[in-house]
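Two complexes are shown next, each including chain A; its partner changes from chain B in the first to chain C in the second.
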Partner chain A sequence: MIVHEDVICSFCGCLCDDLTVEVEDNQVKRVKHSCRLGASKLMGHDRIKTPMIRQNGELTEVSYQEAYDKAAEILLRAKHPLLYGWASTVCEAQKKGILLAEEVGGILDSTATVCHGPSVIGIEEKGLAGATLGQVKNRADLLVFWGCNPAEAHPRHTLRYSSNVCGKFTSEGRKCKKVIVVDVRETRTSKNADKFIRLKPGSDYEVISALRMILSGKAEILPDEIGGVSKAELISLVELLKSAKFGALFFGLGVTHSRGRYKNIDNALSLIAELNAQTKFIIQPMRGHYNVAGIGQVAAWETGFPMAIDFSRGMPYFNPGETAACDVLARQDTDAALVIAADPASNFPRSVVEYLAKIPVIQIDPHENPTTFLADVVIPSAVAGIEAEGTAYRMDGMSLRVKKIVESSYPSDEEVVHNIIASVRRLRSNVIVEGGT
Partner chain B sequence: MIIRGGIIYDPTNGIFGEEMDLCIEKGRVVEDAKGEEIDARGLLVMPGGVDAHSHIAGGKVNTGRIMRPDDSRSGVEPRTRVCRPSTGYTVPNCYAIGYRYAKLGYTTAFEAATPIISARHTHEELEEIPIVDKGALTLFGNNWQVMESVRDKDIAKLSAFIAWGLRAARGYGVKIVNPGGGEAWGFGSNVKGIHDTVPNFDITPADIIRGLAQANEMLRLPHSIHLHFNNLGKPGNYATAIETLELLKDIKPSRMRQVVHVAHMQFSAYGGTSWRDFESKAPAIADYMNQNSHATMDMGQLLFGSATTMTADAPLEYSNARLTHNKWSNLDLELEEASGVVPMIYFRKALVNAIQWAIGLELALLTKDSWKVLMTTDHPNGSPFVNYPEVISLLMSKPKRDAEMATLHEQVSKRTVLANVDRELDWGDITVMTRAAPARVLGLEDKGHLGIGADADIAIYDLKPEDVDPSMDYQLVKKAMATTKYTIKSGLIVAKQGEILAVPEGRTYWVDASVPKADMDRLMIDLNEKFEKYYSIRLSNYMVQDAYIPNPAVIKAGLELESGSLVKEVA
Partner chain C sequence: MTAHYLASDNLFKRKDVVVITKAIMISGRTLAQGAGCESKMTQEYFQAVSICSFSEADYKSLVQAEEKNVLIRSRFGQAVLSARMDSGLPEGIIFIPMGPWANVLVGPDTGGCGMPQYKGVEVEVEATASKVLDIRALFSDIGRIEA
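Our next item is the complex of A and B:
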């Protein structure tokens, strides 16, 4: 048996790097220190066994090379292919993906589009005042969880980084910290809170605006109730925020995908900037997939833009609302899709999925998911962080190198995309040669 | 390869405008060579440019890109046979950085500020920057381990930590930004001077600066400490600048170089008590530089137009955001640093900006020895590096400066002395400030000159120095400096008349310093505790792995000891 220490969990944006994993006969036997979600991923589950191509309506086993060639043919034949996903894979694969999108004149977008995409747009408007999770651990005496539920979605966040951990200036742990939860319903996270503020659904923008008004001394012109919360309660909340030595606000999809979307984030970022005139305050999005932050970083340094990038002009063009995955699918402005490390069939609006089902779809994934059922080419890959190494960015932007702890006969995502690029180049040069004679 | 008949400027070797042939073989300058010939008859030939202070890679730069889609929309250029697409102006994508440096005749660029904890990210970006050789300076000025070792007056342990940190970050040298201020910013405050107490650590910025300078020399690092002063960007801060330089006067350099390099001096040469009575103190700074020889500086020239300010001086960025009401990003990094990013437009019509513009030029023109002044814009804080030709033409032409001054607020000629400065730099000065001096300041022995054995990094400009009077023909100078006729990197033609022909991968320099094992052992006790208790990342996952440095150029440094006691490989 081999015991691997300090293994990095490639499940969620917490990217916990303190797991102990026991491997025997090239199989993960036991995972220690992780949460259940992480352990479940590391222990592994059903895999797509071989590459497949849909023939006469049925997915039929083929060789990897046949699958790469078919994928390349689809991408080359398409006028405006979409290359979507990229969140649950490593940066090395993402880099190749951007090169592939350039070569086939496609659109590259990530799962952030149905997740923290609005946060990114908020940041484009206002910037973001953040801190690494260790800074929060060592200093934060006030934690606000707004529209997020780490107890269930990021189970070790509170224990490793935020409310229930001891640090340099927080040596008493939970006892020396105040926890505020703002949400539309009670959650397991709110049960750990000192103060729970329950909003009416869709009223985040109003409530954030009210907090900003109270902060700037304009409380008297507010109505008595805002978003289901009394003015008095909001005034006491502002006092609490101001009393922090170091406050940290974490937010989730409850804010990014409720009414107002990126405007909610824009408003929240402004609130935090203004709080810094009174005390120290930071804000961070609770990123979901373990490397969804990474695709934003990689895309930004390679193309200048973090998501929704259209290469059909031969150079990057970015205009979310026009060039994001759901936009082009809803407009039927794409005629083939490559889906990697994602499951749009489960997460996209129904009408969009219906269109996706009509166009050729290439799927690259270790696991079967609903997208597999509408895929025309299926290419199984190794699980990064278990069977392949590479770079991932934690929710706070810190990068780590996830490890390979078991051998696998599957190619890594990076190799798969690399091989598709090779097929694209070969097929294209054949076309050019044929065209020239 | 032979470059025929160029007018060579190679100040390191005492050559100032002599017609010579240059022979290149296997990426280096040699006595004699065969093969391809380049006709450079009468043309200006210099070593490839070396940028010793530029923000080109890492978290701050990428934050700039992410928060500025407006910037990424400018400067867009499509894919070519050899190039990936380019985007951006102040925050270009990685590819554009490499291509644009190469077109300017620059072949080396150093990222100026990398926290150890996010160095992996910096190297991921550096790897993607094509053509140029590169390196990254590592931030030490607000690091808990540094501050504790300074407090304990344990310079040996501090040296061990620098050696460890440079290895962990694959860094090149010791960068210090607003020492103590980053720590104070952890609870939202700042330090106000070099003798202010750093909260929770019972030391002062002066202690940190002196300690790091002593350790830097103990380790005989190729570069000196590289210092961003306290109070940077504030009226009246020239006093802090001189006070800080005085701190370091008695420290003996361990190599033939300065004891301290001052980053972007323009931002620290301010007089006045507020923005209302703001004025230039560049003459005072230049006087100091003329009378002392332990310091070098880079200009940090500001140019009118768009910029993106980005620095590990996080409180400064917060002030910038409050001042301009512009968008603000900040990132505090546990146990180490803080940082911020704020977009900025410098207005020709704003008196403060116009004075800042003049200060950078005054510093370069009033400091007599051009080896003490590197030409930079602190890209992209003062202006993006693509505007270096504008700076060169300003430095070389009094008529151009006068023409510019005529468009500025009348107070500029009262609050600066620029109007009375007649000095015009020549091609020798420019070659020093853009190549020879940066290479010497960094301690890059094979760069910045064209002697036998030097790296064959060469810029050939479409300008005949014997026919052009830079004072009068400043437009011609600016145009010629913007696009080389040929840029040669390691003996390969990478750019020709503005077209990129080849995209070799550059090397990444880092410094591997040895220290006594006993000191390293003592240090590791401290570090193990920090990683157990305070970091959010495990020690075994923290250090930058070899995979991120595909083309390393390792410079050895460290303490002279009996061979048995050297630590070659740090855990």
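Our next item is the complex of A and C:
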């Protein structure tokens, strides 16, 4: 048996780097220190066994090369293909994906657009007062969780980085910290809070604006109740925020998925900037997939834009609302899709999925999911962080190297995308040599 | 166009009075949903995600002893889900774990920023004797598989 220490978990944006994984006969037998989510991923699930191409309605086993060639053929035939996903894979595969999107004149978009895409847009507009999770661990004495539920979505966040951990200047852990939860419902996270503030759904923008007004001394012109919260309670909240030596506000999909979307984030960023006139305060999105932050980084350094990048004009073009995956599908402005490390059939609105089902779909994924139901080409790949190594970005922007801890017969996502690019180039040169169109 | 995802039309043949309640639907992550998100073909995932949680008062007013399922309808589609009670929810707000059942109810508009409104969807809810569709049946009318 081989015992791997300090394994990085490749499930969520926490990228916990303290797991112990026991491997025997090239199989993960036991995982220590992880949460339920990480253990579930590392212990593994049923896999797609072989590459497949849909023929006469049935997915039929083919060789990898046949699958690469069919994928290339679909992408070359398409006028405006969508290359979507990229969050649950490593930066090396993402970099190849951007090259592929550029070569076929398609749109590259990541799962961020249905997750923290509005946060990225808000941050582009306003800038972000940030810190590493190490700084939060060592210094933060007041934690705000707004529209997020780390107890279920990032189970070790509070234990490793935020409210319940002991740090250099927070040596008493939870005892020396104040925890505030703002949400529309009570959650497992709110049970750990010193103060829970319940909003009406879709009222984040109004409540953040009220906090900013109170902070700037204009409380008297506010109504008695804002977004279901009394003015008195908001005044008390502002006093608590100002009392922090180092405050940290973490926000989740409760803010990005609700009415207001990126404007909610824009407003929250302004609140934090204004709090920094009085004390030290940082703000951070709770990123979901383990490397969704990475695709934003890779896309930004390769193209200048973080997501929803359209290469059909011969240069990168970014206009979320026009070039984001849900928009192009809803507008029926794409005629083929390559989906990697994502499951849009499950995670997009149904009416959008109905159009996805009408166009050719290439799926690259270790596991069967509803996107497989729609796929014409299915290419199984290795699970990054278990069967393949690579670089991933933690939710605070720290880059870490995920390990390979078992051997696999599956190619990595990077290899798969590399080989599709090779097929695209070969098929395209054949057409040119043969004088075809 | 409104899509229909009922397992049967039994609901419309019932003679007793059907209680219809308006609510706001929010979808989101849960521990069980996350643990199952890479094994979506399993019964565990089905049981974790094809559910809808109600406040105690809403649950008691809607869900009859013999019917534990609810039909939830938005202007974008409708789905049958298994009902649960969650004391953390206020009246008038229902919670569905993120996934293909919740997304039947979500519209395509992104407000110009790429993001559909997954939370804050206006819905109508009523008890039903219809069955919850499993994951293959849910996609049988649009996918390329037989249910």
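In this section, the second predicted complex is superposed on the first by the 435 of 437 C-alpha atoms of A that agree within 3 Å, B and C clash if a C-alpha of one lies under 4 Å from a C-alpha of the other, contacts with A are read in each partner's own complex, and residues count from 1 in each chain.
Just so it is clear, contacts are C-beta pairs under 8 Å (C-beta built on N, C-alpha and C of every residue); 3 or more make two chains touch, one makes a residue touch a chain.
Only a predicted model underlies this, so the values are computations on that prediction, with no experimental measurement involved.
Scan A:123 for contacts with chain B and chain C and give back first, second, both or neither.
After superposing on A, A:123 lies in contact with chain B but is clear of chain C.
May I ask you to decide whether A:137 touches chain B, chain C, both, or neither, giving the answer as first, second, both or neither?
A:137 contacts chain B only, not chain C.
Could you look at A:41 and tell me whether it touches chain B, chain C, both or neither (first, second, both, neither)?
Touch partner of A:41: chain C, not chain B.
With the two complexes superposed on chain A, say which partner A:258 touches: chain B (first), chain C (second), both, or neither.
second
Let me test your reading of the model: by the given contact rule, A:5 touches which partner, first (chain B), second (chain C), both or neither?
first
Is A:280 touching anything from chain B or chain C once the two structures are fitted on A? First, second, both or neither.
first
Any idea which chain A residues touch chain C in the complex?
Residues 11-12, 36-37, 40-41, 45-46, 54, 57, 109, 113-114, 117-118, 121, 149, 151-153, 155, 184-187, 190, 198, 201-202, 253-254, 256-259, 261-262, 288, 307-308, 320-321, 323-327, 329-330, 343, 345-354, 357, 366-370, 373-376 of chain A touch chain C in their complex.
Provide the residue numbers of chain C that touch chain A in the complex, in ascending order.
Contact set of chain C toward chain A: 3, 24, 26-31, 34-42, 76-77, 86-90, 93, 95, 98-100, 103-120, 135-136, 138-139, 142-145.
For the complex, which residues does chain A have touching chain B?
Chain A residues touching chain B: 5-6, 8, 17-18, 91, 95, 99, 102, 120, 123-135, 137-139, 160-161, 166-169, 245-246, 273, 276-277, 279-280, 282, 296-298, 300-306, 311, 313-316, 318, 391, 393, 397-401.
Which residues of chain B touch chain A in their complex?
57, 59, 61-62, 65-69, 71-73, 76-79, 84-88, 91-95, 117-118, 120-121, 124-125, 128, 186-188, 200, 318, 321-322, 327-335, 341-342, 533-538, 540-541, 545, 547
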